[in-house]
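Presented sequentially are two complexes of chain A, the first with chain B as partner and the second with chain C.
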Partner chain A sequence: MILLFLVVLIVLSAYSVFTRDLLHGVIALSAVSLVSALLFYILQAPDVAITEAAVGAGVSTVVFVWAIRSTERKKRQ
Partner chain B sequence: MTNLLLEGMQWVLVAFSVPTLVRLLLGPTAADRLVALNILSGLALGFLVLRGVQEGRALYLDVALVYDIFGFLGFLAIARFLKDRMTDESQGGEEE
Partner chain C sequence: MTPRRVFSALWSILPLVISLVAVGAILIPIFLESTPWPVEARNHLEDQGVAESGAQNLVSAVYLGYRAFDTLGETIVLLVAVSGTIGIIARAKGALAKGFDREDKGSPVPAVALAAGTTSLSAPPPRLRRAKTRTDLLEVVTGKLGPVVLVFGFYVMLYGHLSPGGGFQGGVVIASGIVFLALGGKEGASTRLTEAGVLARLEAMAFFFLVLAAFLGMFMGSGFFTNFLAGVGLPSVGFIILLNIIIGLKVGAGIGFMGIAMLSRVEGAKGEEVNHD
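Here is the complex of A and B:
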């Protein structure tokens, strides 16, 4: 199960780097954070998994979406 | 017996997440990917609770709680951004 999660992590990270649309990259990055939290959880580090779930899935997604929203409008004008 | 059943249910949840991951990677629109991520969050919640019950420690259930609360915040932000982009595109198409 650890090997499977690592493969999924690599695939999602490569997708989030190489995709064209920024929103798709942010969604894939949120999934990366989810799989990473699951991996920490399986490796018996629940406090690290709590931090990863709070910061990675919640705050960083909000910050990235906020950044995309405030930069795309300047490009259109 | 209970341990075996819990392990099997975890593998079932991992198997269900595979087509969801395919939809997340290949989904044509952003809404497809958002729904796939939401389903993946639900599957992960079930996985975390199952593993927590198997380990039998209360700290393991907190991870599921915290992930569910903060993941919902992230999905809310993405959905709001998606709504703004859709309304911008429709209004821009009508005006220009």
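Here is the complex of A and C:
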């Protein structure tokens, strides 16, 4: 179970680094936070899990999405 | 492939290689070491933590009891981070407007008042204008979900000494609730939690009370951040509950303030787009 979560974490992180669309990257990052919150819960650190879920999946995603919304999408030449 | 191509390809993977080597350099000694983990503090906490602090949740006992001084430092870090963010948002007025290719026609929240935290209490909250990208779905869901999230945040904050959680976790959840309320709030809503001035005052008051609680122990003849409630005969866990409430309000107000400041800035800029066309 833990191994599965770790593999998912690595895949999602790599996706968020290499994707061309910033929004996709942010959503992948949010999923990373969610999976790591589950991982923390399994590893018996519920405090850290709550923080990770609230900060990682909640606040930071919202902040990133706001930041992206104030940019403009550039068409690829 | 020309040598130049090869060189540029190597150059592009250089950051990856460097970061992998750095991670390896940090992690490999941890896996290879054979020194036993220090157990003294852990054993002490296991045996006497609950009795000494009165908190079932030993994490709370550590960060508000044994290492409360570190927690003061953390809240100062948060205060500085929020102030810096607000400062940048206030300064980025022109830059953000330039990004939208139009001049800034006054922000919903006055930038200077926002930075100083002196937004008038009597002034109506800046109405977040409906942008094109915003759907009814977002407004309805966040409006309904906001109070529930707020209650859950207060639960996590108030029961931090018994169940997992505490001031920081509860505060962040409260901040999410505040941002939800701001996103889904209707005109003339009965909450003032989404006003920037209220949040700024709340954070300042919470920080003041934190420092006060830290110093009260000294007036009662013991050290900085000692449990002054145990000195007057109250259960000693009361100190942890008090600090949890103070820190929860401070974190919630601070991060909520930051979120609302960003929201008004960006939504305001988008709202003008609607007006123009």
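The rule is short, and it goes like this: the second predicted complex is superposed on the first by the 72 of 77 C-alpha atoms of A that agree within 3 Å, B and C clash if a C-alpha of one lies under 4 Å from a C-alpha of the other, contacts with A are read in each partner's own complex, and residues count from 1 in each chain.
By definition in this document, a residue touches a chain if its C-beta (ideal position, glycine included) is under 8 Å from a C-beta of that chain, and two chains touch if they have at least 3 such contacts.
Note that this is a predicted model, so its numbers are computed, not measured.
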Item to complete: With the two complexes superposed on chain A, say which partner A:Ile50 touches: chain B (first), chain C (second), both, or neither.
Response: both
Fill in: Larger contact residue set on chain A - chain B or chain C
B
Discussion item. Tell me the contact category for A:Ile42 with respect to chain B and chain C: first, second, both or neither.
Written reply: first
Discussion item. Looking at A:Ser70 after the superposition, I want to know if it touches chain B, chain C, both of them or none. Which is it: first, second, both, neither?
Written reply: second
Discussion item. So chain A touches chain B in one structure and chain C in the other; where do those two contact lists coincide?
Written reply: 46-47, 49-50, 54, 58-59, 62, 66, 69
Fill in: Interface residues, chain B side, partner chain A - complex
10-11, 14, 21, 24-25, 30, 33-34, 37, 40-41, 44, 47-48, 51, 57, 59-60, 62-63, 66-67, 69-71, 73-74, 77-78, 80-82, 84-85, 92
Practice prompt. Could you pull out which chain A residues touch chain B in their complex?
Written response: 1, 4, 8, 11-12, 15, 21, 23-24, 26-28, 30-31, 34, 37-38, 41-42, 46-47, 49-50, 53-54, 57-59, 61-62, 65-66, 68-69, 76
Discussion item. Looking at the complex, which residues from chain C come into contact with chain A?
Written reply: 57, 59, 96, 99-100, 133, 156, 164-166, 168-169, 172-173, 175-176, 179, 255, 259, 262-263, 266, 269-270
Response to the item:
Within their complex, chain A touches chain C through residues 46-47, 49-51, 54-55, 58-59, 62-63, 66, 69-72
